[in-house]
Amino acid sequence: MADLRTNLAGITSPNPFWLASAPPTNSGYQVQRAFEAGWGGAVWKTLGEPIINTSARFAAISFQGKKVAGFNNIELITDRPLDVNLKEIYETKKRFPHHAIIASLMVEPKQEKWHEIVKRVEDVGVDGLELNFGCPHGMAERGMGAASGQQPDLVQAQTTWAKEVAKTPVIVKLTPNITDITVTARAAVNGGADAISMINTINSLMGVDLDSWQTVPSVAGKGAHGGYCGPAVKPIALNMVAECARHPAIAVPISGIGGVGTWQDAVEFMLMGATGVQVCTAAMHHGFSIVEDMIDGLNNYLEEKGLASVSELIGKSVANYSEWGNLDLNYRTVASINTDVCIHCNKCHIACEDTSHQCIERKIALDGTPFLHVREEDCVGCNLCSIVCPEPGAIDMITLPYEQPPMTWNERQTVLATYKGK
Amino acid sequence: MADLRTNLAGITSPNPFWLASAPPTNSGYQVQRAFEAGWGGAVWKTLGEPIINTSARFAAISFQGKKVAGFNNIELITDRPLDVNLKEIYETKKRFPHHAIIASLMVEPKQEKWHEIVKRVEDVGVDGLELNFGCPHGMAERGMGAASGQQPDLVQAQTTWAKEVAKTPVIVKLTPNITDITVTARAAVNGGADAISMINTINSLMGVDLDSWQTVPSVAGKGAHGGYCGPAVKPIALNMVAECARHPAIAVPISGIGGVGTWQDAVEFMLMGATGVQVCTAAMHHGFSIVEDMIDGLNNYLEEKGLASVSELIGKSVANYSEWGNLDLNYRTVASINTDVCIHCNKCHIACEDTSHQCIERKIALDGTPFLHVREEDCVGCNLCSIVCPEPGAIDMITLPYEQPPMTWNERQTVLATYKGK
Amino acid sequence: MTASWQLYVNEKEKIDALLHRGYVICEVTESLEGATVIFSHPTATPIQEVLTVETADARKYFSSLLVHSVTK
Amino acid sequence: LVNVSDNFREVECGLTDVEASDEANRCLYCYDAPCITACPTSINIPSFIKSIATTNVKGAAKTIMTANPIGASCARVCPTEELCEGACVLNHSSKPILIGKLQRYATDWAMKRNEPLFKAGEPNGRSVAIVGSGPAGLSAARELARFGYKVTIYEAKSEAGGLNTYGIVSFRLPPYVSLWEAQQVKALGVTIKTNTAVGKDIAASELMKQYDAVVIACGMSHVPMLGIEGETLSGVHDAIRFVEQTKTEPLSSYVGKKVAVIGAGNTAIDAATCAMRLGADSVKILYRRTVEEMTAYHFEYEFAKQEGVEFRFLTSPQKIIANERGEVKELECVRMTLGEPDAKGRKAPVAVAGSEFTMDVDIVIKAIGQTRHHALIEAFGLEHHHGVVAIDQHTLQTSVANVFACGDVIFGDGQGEAMVVSAAQQGKVVANSIHQRLASRQVTTH
Amino acid sequence: LVNVSDNFREVECGLTDVEASDEANRCLYCYDAPCITACPTSINIPSFIKSIATTNVKGAAKTIMTANPIGASCARVCPTEELCEGACVLNHSSKPILIGKLQRYATDWAMKRNEPLFKAGEPNGRSVAIVGSGPAGLSAARELARFGYKVTIYEAKSEAGGLNTYGIVSFRLPPYVSLWEAQQVKALGVTIKTNTAVGKDIAASELMKQYDAVVIACGMSHVPMLGIEGETLSGVHDAIRFVEQTKTEPLSSYVGKKVAVIGAGNTAIDAATCAMRLGADSVKILYRRTVEEMTAYHFEYEFAKQEGVEFRFLTSPQKIIANERGEVKELECVRMTLGEPDAKGRKAPVAVAGSEFTMDVDIVIKAIGQTRHHALIEAFGLEHHHGVVAIDQHTLQTSVANVFACGDVIFGDGQGEAMVVSAAQQGKVVANSIHQRLASRQVTTH
């Protein structure tokens, strides 16, 4: 068994799988069930002035008949009084002293409000705090959540206020509804954040009912934008984590959130710089037990790779991530079709013909069987054919030897500048 | 046959299905094939100073074994000289006079550059222009695409410059990588845009290879963020379209883009305010022929609904879209399980138990068969159980009679303000 | 349709021919039509040759040569 | 076997919505898909499956029925393993798409809705007579009506549909399916004169006179004689008549009966499984050759075995022996062996001398092929070869200028396949040929 | 039938990666899933399927093998329709998940990797002897080894695995599967003394003396006598021996042979299909009762029909008749009818007077159950009822304190099911009982 323990800015947990602040962490009953199921930590459903929710809160999209490719909600923060939550946090911590309990907090952007709530939650023994600057609906309209999370100065100020009194590590949870996440991340760091977490949900509308013409979900015939999460948002979240991880001015640990549902997702987030991950949608779809395969799969992966500890993954791929201008223009890859494996669906042909570079030709072998031929010299190596190919192993993208030594766009432009005419 | 013709700010096309500016519209050969297949219009692959692309440009994610749930690219604008493109546009327009050809444009944010290119493309007879302020990588690093599209003043200025010489309608294509899309949309409108289109792609990283620890795609071992599109981004795009459509200061037609792959998607975008849709990923995945079912399905839908023209759909659901503060807090819906239909997977039970409100109880009927019972009084109507339920018709969300007349949060706060203690 | 590879080869051959004859690239201007590359030669006639390089691969090619010669 | 009529309900059930959606989403939507090529009517299979995936079921049904006017029946009776599904690329990686079942899902939807899917063309003033309302005749009629012809079908039986209505067992193809297809054709203004046998109730010459063109789509006839002793005993049946009875008359129980079916083609399988479902104790199919030469499809063979039918290959009946009441009692058979291949490579079965044996049977069902409508064919003066009408391979025109033929009437002598789907395709071809011929004539005459 | 040994390759092929992924992604991952309850070993099915979906195949294999040490064999031979798959909720909406096939996919992966999946427990100084290395014995051994016991299995045959190695036909369960399972058990330090029959090569009393506990997992014995004339003729076989030969000796061809198999249980089906695959001309299963009473599983019945086996219900053999060379020539049978239900509700078959008839056969295979290891059971001094060892239902303890029994040796008299998976489960139960007993004793004695 590999060592799965993680330490995020001082918050330790038996494994890197935390439940994100959301319905699954709404109560002590739930968090305790989660810990029993194997979750390493839980970020409590955001505490603050208790709100009122609408009925009809969630919606989801399917992809080709598969449920919950993406999930959406118009729920707000906790609707339960702070005292009730604190009592349950206290009891849960007592039962599970080695699991991480982080209190998610959202209050008005006023110093005394932050001071008050931070003190009260730390009194019951939480392991850390997460400042929720992310909720994209409802709270935002009250100047909280994303509304303050979209303003770097407010992010910084509120982080500072929390840090002024906090004794436990402070994580700042960022909203993805922002032009440049590294700006707010830096604001958090400047405010003294011990760590950052991302992403919260993305503004979205799941759909319109084709019969009633009402939005989905619909509250008494009316809809409003909700927050998007689940598998569909993973690439967005992964990029934001990676952009922060590779940013020299953002040198704090990252808790990765957004579309994590499997151990593979977790490995990717960790390779891209996260110290651990948080999960909401996957748990809501399948219940707490999904963590079993996450733990088991992660352990088997680490053993297979000969890694003793999960922490050896953290950030290992960050150095591979850069800007477009640093990519090598002289690198060449082309498609190569393995006729033996190919099942002759011709999807690669039509994809290349209609929508790429018209270089997969349909031919007939001497024995009359059809096969496909890639005109290598015209293939630009776009990958499309290999993406649409349904048969594993039928198309390989092979790397060609360099004809010219590597050259990035940035290098090219620097040199060309010296050749510029007037 | 219903009338599928559309008119977007004066640009007419035989149906609302256009190909978005992207690899499928890279050349005359391709656009002509597309028109033959049935597409109503095509926005030509963005014209500008021709670039150099990397090899290995695209990547995709699967969802539960289903391919291309989301797609990603690090491709730039056209890599072909303007003259070549213009010649092919001219020929294509001659062969297909009734189809819409829109030239997508991206040049440096300089007035003379915009004037020059607008004149040259209009000379060959395009039906309209689309200003690409959206490409999130590569071009952005050169101050073009998203980099200028994220600054409202640059959006407005460049739109103005294009409009100064344009004789055909000008569509401004917006980037979704922005805190508030309505701000840039308004900038476009202020600059004189005849229409807006959205969304371009979203910053993203598709994944990390668990064996090589390289990003996907990887160019000579290095990756950079790409643009996310395809089915996964639809809810984000739909919300942006809807937010613009319901904004009183954005009174121009909208071309909806992002994850459209079926006629149903198109209907949703149109109900939410789009005049037509643009498609990229779905065509790249399956080839041009997908438009057949889009046209046929749309027509059958309109006939079924008794609508004579597709334009009758436009914006019909916009009035149902609002802010969270306008949703009715007294609306009540609860889950109701149809035991006859239920297949007893207990997914609803565990979803509610672990991650919602613990109100689906497992019971045993007198005859020994298990069944599930929703404790209605504790059910908050969150929809989760009905979302995770695999069996159509097993769970209905039913609306309860009002106990109190409708009341929105905004109404509540207005009244409470008058009761405020000191 | 001439295969795009062939278009590149044609352009590359022209570049190579000039370089082979001793011309060196002295000025590059990028425009909507690609790159205008001015070659010069101290002794040959004409002392200047101008190529419009259209294909992406050829534009990449000559710049690679420049980058390569600078770094060498 | 309490209620025999339950046994005659359709065996296969349709796909549920969830199953149809799952299966439709499994299709790859191949380009230039091999399944299309393998379908004799070239249904655009990926296209209709895509439509099912987007819940455009009407569109799916139209795509199917456009290419194949008999698409609802075909969804049930096509030997899909040999045709579309056999060609599906997923055979190479997992399981082929259930094309037939998806086709049924879409056409069942259309049947339930029962709206007309097509419109008749602008009347062009020309008329065509069609002899027979089987798949071939209905298909030709549907296409001709869409081109604007005034079409009259003459049908000897009291209902339209041909073997689909009368010949293929109900538990594979319930009659309401082919009747709906006929209804769809009628909805285009086609007249179907049932109970009207051409050559009996109306003369062939009359048709040639009254109509601009005539389509011969009369199929084949009854099962020929075996030419052995005892063939007229009570208990000896013609397979086609036997099946027809199960589709048109109250079902009689075969409980306790031992049945021998002679022949191993499609008809033999249908008759044998029918007999099983009527409650027979045992049903044996006797065939002179081996399993390799059998003309029944693989799926039919599997189905028959599943139903409990037994096979006796290399077995040839010699004599039917009666009991005292003149009923079948025993069947005398002889074992066969395969001789040297003949010119066509077919090995002739040869009796093994002295290998005679008898088996106890109560019922003998003959299923050794079908005879031809010689008289009718000759009444039209058509060239033919042993009752197989000679045609131009491309136009399906007969030796008589304005007479065309399609379906089982042109099957045989290595020509074509006796399948519903090929009859449907030939009907389309005939309609096109007539249209080309008459349309071009219009140009020259006016 | 050119090469008979081809016919003995495994019939079913494993899932491809694509198929496994598709199928794993189709599972709903039910909560408190009914499939788990329906599996006698309670494998956490949704959990292992989820692991396949995330490509954590090793995790999947471990989940399976933890619950069921015979999981690789079970993946092939479990009557899944009656067990896990029969309980899958998707029966109500589409098709059940192919649990057995997914189980095979994961265990095949583990077999190919061939790493040990488990570790032996800390040695606890206690030792256990197990009689028999069939599913029951291996399962008990694996669990005991994980608890830290020193385990010795005594096995009469030359290879471990019991009927999985010797009794179930290769084309359903190739021997390498059960040998791998045995190997996994050995890897935990378990000693398997093959070619060592207890009661012959070592006395029962010796075992009771040497070990802290003894597990009786000797299964059942050969097929009993029919008690009819001609049973010793050449051409009459014991089904179990017959199948065993196909798994251990070069295959002999049955081409041209007519085979009768007597009995209609699992063994009869295996023997009958074996005979077919050896090339027999015809194979008939004769059974005294009707299809309803037959103990073979539904899937076995379907498989046998598919293979071409014929069924003769209500038919009882009376006499085996020899030819001049003392070989089987004919079988005389009598027709039966079902009488009134007895106390247990079972209708006894009654011969129909005067209904005798003979059938031509060359081979008769007896498959009417298995006899018991009476001598062995009595050597241990165990209470039993006609050779079915009496046990405590919960602990599986026999009448002798430290002797426990599991598997087929306790099957019978309405007790248990003779299935590999139940033997595996009983092995686990026995291991737990022993552990509880010995562990608690430790507490009291030290």
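Order of writing sets the labels: A, B, C, D and E. Residues in every chain begin at 1.
FYI, a contact is a pair of C-beta atoms (placed from the backbone, for glycine too) under 8 Å apart; a residue touches a chain by one contact, two chains touch by 3 or more.
Heads up on the chains, UniProt names are A, B = Dihydrothymine dehydrogenase.
Remember, it's a predicted structure, so these values are computed and weren't measured experimentally.
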{"item": "Path length in the contact graph (chain C to chain D, fewest steps)", "value": "2"}
{"item": "Steps needed, at fewest, to go from chain B to chain E via touching chains", "value": "1"}
{"item": "Identity of the chain that, by mean CA position, is farthest from chain D", "value": "C"}
{"item": "Best-connected chain pair, where connection means C-beta pairs in contact", "value": "A-B"}
{"item": "Geometric centre distance via CA averages, chain E-chain A, whole Å", "value": "49"}
{"item": "Computed distance of Cα centres, chain D from chain A, in Å", "value": "58"}
{"item": "Rounded Å distance, chain A centre to chain B centre (Cα mean)", "value": "21"}
{"item": "Centroid spacing, where centroids are CA-atom means, of chain A and chain C in whole angstrom", "value": "45"}
{"item": "Touching two or more other chains - residue numbers and ranges from chain E", "value": "18, 22, 25, 29, 31, 93"}
{"item": "Per-residue multi-chain contacts in chain C, two or more chains", "value": "1, 30, 60"}
{"item": "Where chain A touches two or more other chains at once, by residue number", "value": "64-66, 264, 286-287, 289, 301, 329, 347, 350, 358, 390-391, 412"}
{"item": "Touch relationships between chains, expressed as pairs", "value": "A-B, A-C, A-D, A-E, B-C, B-D, B-E, D-E"}
{"item": "Contact set on chain E toward chain D in their complex", "value": "16, 18-19, 22, 26, 93-95, 302, 305-306, 308, 310-311"}
{"item": "Contact set on chain A toward chain C in their complex", "value": "329-330, 357-358, 375, 377-378, 404-405, 407, 411-412, 415-416, 418-421"}
{"item": "Chain B - residues contacting chain C, complex", "value": "29, 47-53, 79-84, 116-117, 120"}
{"item": "For the chain A and chain E complex, residues of the former touching the latter", "value": "66, 262-264, 286-287, 289-290, 292-293, 296-297, 300-301, 390-392"}
{"item": "Of all residues in chain A, those that touch chain B in their complex", "value": "22-24, 29-30, 33-34, 52-61, 63-72, 74-75, 137-138, 141, 150, 177-179, 202-208, 210, 213-215, 217-225, 228, 231-236, 238-240, 242-243, 264, 267-268, 271-272, 283-289, 301, 316-317, 320-329, 331-334, 347, 350-351, 353-356, 358, 380-384, 387-388, 390, 397, 406, 409, 412"}
